[in-house]
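Below you'll find the structures, each written out as structure tokens.
Two complexes come next, and they have one chain in common, subunit A, joined by subunit B in the first and subunit C in the second.
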Partner chain A sequence: MVEWIEACGADDVDEEDVIRFDHAGKVFAIYRSPDDRYYATDGLCTHEQISLADGLVMDDIIECPKHNGRFNYKTGEAKGAPVCVNLRTYAVKLENGAVFIEV
Partner chain B sequence: MAQSVTRDYALLGKSSEAALANGLAAAEWYHSDVERKAMKALMQRSDGPAIRDTVIWLGAMLVLAVAGVLLWGSWWAVPVFIAYGVLYGSASDSRWHECGHGTAFKTRWMNDAVYQIACFMIMRNPVTWRWSHARHHTDTVIVGRDPEIAVMRPPDLARVVLNFFGILDAGHAVRDMLRNAAGNISKEEASFIPEMERHKVIRVARIWLAIYAATIALSLWMGSILPLMLVGLPRLYGAWHHVLTGLLQHGGLADNVTDHRLNSRSVLMNPVSRFIYWNMNYHVEHHMFPMVPYHALPQLHEMIKHDLPAPNRSIWAGYREMVPAFLRQLRNEDYYLRRELPVTAQPYKEEFHNGGDAVAAE
Partner chain C sequence: MARHFVIVGAGECGARAAMALREQGFDGDVTLVGGETHLPYERPPLSKHGMLAEVFAAKTIATAERLAEANVGFRGGVQVAAIDRGGKRLLTADGTALPYDKLLLATGASPRRLPGVEGERIFYLRTLEDAQRLRGELLPGRRLAIVGGGFIGLELAASARARGAEVTLIEALPRLLSRAVPEAIAAQIQARHELAGVKLVFGDGIAGVTSDANSATVALNSGRRVEADLVLVGIGAVPNISLAAEAELEIDNGIAVDRHLATSDADIFAAGDCCSFPLKIYGGRRVRLESWRNAQDQGSLAACNMLGANEAISTVPWFWSDQYELGLQIAGLSDEGASIVRRDLGNGASILFHISADGRLVAASGIGVGNAVAKDIRLAEMLIAKQARPMQASLADADVKLKSLLAA
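Up next is the complex of A and B:
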């Protein structure tokens, strides 16, 4: 069943950055883009399950901190070796200064 | 309990199976605490330093190549080719490495272009070695898992010495290139290269084979070794510096641990070696935070040195501790150099380290 979950406050994420959100045994990554929009993906790299929240956000790219695998966090697209499997993305909405993701 | 089983470095061997079974493979590794904002600042990419260094690197190679051709036949060509060889056969090692991580340049195509050029010079298939290096970072010096362990135990010192002149490594590289060009991916390669990437291994091998064939044909046509002195042979006569520095990365230190402070070595080096090596002398720092570009590693070192073993003060100091350790490992392969942490450091993650009674340096 689809439900909206409050992940964090809007100000908890810096611009062009990412934080980790754990919910129901799953890890998510919540992004704030340079143009101040919010996005959400699975929080672990599809290559070796490293937390992407320790990685680097550059424009619309998240780079994994372990092997530098790159994804487009807006679409989840894997951008080349060593990542080959796309990230799952989640719908996001802002309400009353909080970030909600649809899981 | 003693390390009773002889190390099996094969990627599909018994040590690999053991590492998978006991949690050493793909384990969680120790990281020094660095505040997120500071780490973000360190990780930021820029093109400036790498463009500057690449212009110097390739520009110097071009000048030296022209000088080498003009001076060919005289003794003046010797120092010219020594310098050219180091830039070709050693600086390419660090460029391959840093551009493989994608951290040298901010602009992606620049990383990729320098990566391809450096891979050709160092004779490492850009696809195969991208995957092998990913494994090296996942399972650093985990026996049977890490495909890039330079000195296995007990050390094969003859192999180490020969590789100062690239002899065995280049021989293996040629053999692999020929095999890949024939469309063959080995079982070991297949263990870390996904199927969807394997056709790229073969394509690159065929392009390289064509380049080497053309160079050899030109040499035969000219009746001179000169073309090969510029393309191919520098991987042999210029390899010594990357082996000199590369052996220090992990040589003589612990294996099968999950803390880079135990199995990696940072060494303070002279500016010329640091240019050739692109700051990989800060090797503990690099392994702990591979997202940090080479030009920011000195800053990272300053930030976390309170949590790291003291770096060796020079290449010479590194060899003074490493070579005796190699010699002792000839008699006892369980011997290793145990790193001492400063009192300000977080403790070692001991659970694997105390599992055996391997003999550490005092």
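Up next is the complex of A and C:
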């Protein structure tokens, strides 16, 4: 079943940054892009299960904090070694200053 | 266009190079020859969570399917015995000849041996077999003596404690990681090991090691003796250069390559742990790195340059280590620094910025729980690559975002 979950406040994420969101035993990562849009992906790297929210966001890319695996957080695409499995992405909407993701 | 590219060594670097050749669109033959029988696998877990996992499993870098899909001819368990440069072919240990048009040596490194110390109770750690053997020994109450307070020894000490073994670690110098990290970080690491119950011995050299089938005794220069059930020697690694040396390629603390990773023979490249190369950001200083990311980066770069890209090495050295819950990351070469600026990130995490005599940021060493320092070390790495001279007050102030310094 698809449902919209409130993940965080819009101001909880800095521009060009990411935070972690835990829900129902799953880890998500919520991003705010340099052009002030919000995105959501699975929160754990597909190389080892490391929380991506400790990683660096630059433009469209989230870099894993552990071994610098890179993903495009808008599409979930893995950008090369050591990561080869894409991240799942989730639809995002903003309502009343809060970020909701569709899980 | 040359048609048959051969890579010797199927570790992190060789495997990456093979895949990168295909990613770059090379449509000739690619043969990846590995002395080990396994598919290419990752070494870093061998001393870390690989030792702790309930079931020991190698982390494969490239599965058989991926190699087949990329049409990479993988020849595992084949040791290359010689390079016939005149005939442009390799001779394998089983006597077959393998012609090449371009060759990449990604032969890696091997543990430095303690001269004259051998026996069933003496262990080294580099390969999957080494790790499997060791793992079976690290049981509650078992006494492990570790020779060498470098990264392998320390990571293994942490894993061994987690498995309940008793650990004594012997370091010849007065402190841990003398060449790798500043004193403050070494002290933090030392305190963590002491908390875990590792017995540390400093400033004492090894006079000799005697062992029989069941136990070993490490005799120290001071006269002290450490009794153990097994001994792990972790005193560094030496590059695997014999193939290159016998083929009369230039050697200089590793297979000497230029900034394009070419050896003294233009058709032969070398990359990863086995080579020494000039680093432009440090005035062309020649270094050899034993680092996982370097092996990957150079594998990719070697592939591009085998295809004629002529791209120069531009990366900043980067290394990480995990011990207990602590994550350590180092970007750059800290010995280029003349002074240190410290930034505290809270929760025991900190970054030490190494500044050269002329004010340039040349390295950053960070330690903290988990990945607390990762983001800032990554940004520091970019600042180092830009040869930036950030204000020291800004570096010290955790409220100043490093990203803002990058834009400056």
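In the analysis below, the second predicted complex is superposed on the first by the 103 of 103 C-alpha atoms of A that agree within 3 Å, B and C clash if a C-alpha of one lies under 4 Å from a C-alpha of the other, contacts with A are read in each partner's own complex, and residues count from 1 in each chain.
In this section, a residue touches a chain if its C-beta (ideal position, glycine included) is under 8 Å from a C-beta of that chain, and two chains touch if they have at least 3 such contacts.
Quick caveat: nothing in here was measured; it's all calculated off a predicted structure.
On the superposed subunit A, the positions of subunit B and subunit C overlap enough to count as a clash. Once chain A of one complex is fitted onto chain A of the other, the partner contacts of A:66 extend to both subunit B and subunit C. Looking at the shared chain after the overlay, A:82 reaches both subunit B and subunit C. By the touch criterion defined above, A:94 reaches neither subunit B nor subunit C.
By the touch criterion defined above, A:51 lies against subunit C but remains apart from subunit B after alignment on the C-alpha atoms of chain A.
When the two complexes are laid over each other on chain A, subunit A has residues 54-56, 63, 65-68, 81-82, 84 in contact with both subunit B and subunit C. Listing the residues of subunit B that touch subunit A in their complex gives 26, 37, 39-40, 43-45, 101-103, 106, 127, 130-131, 134, 137-138, 194, 196-197, 289-291.
The residues of subunit A lying in touch with subunit B in their complex are 14, 17, 47-49, 54-56, 58, 63, 65-68, 70, 81-82, 84. Contacts from subunit C toward subunit A in the complex involve residues 16, 19, 23, 42, 61, 66, 292-293, 296, 300, 318, 320, 370-372, 374-375, 378-379, 403. Across the complex, subunit A meets subunit C through its residues 16, 50-51, 54-56, 63, 65-68, 80-82, 84.
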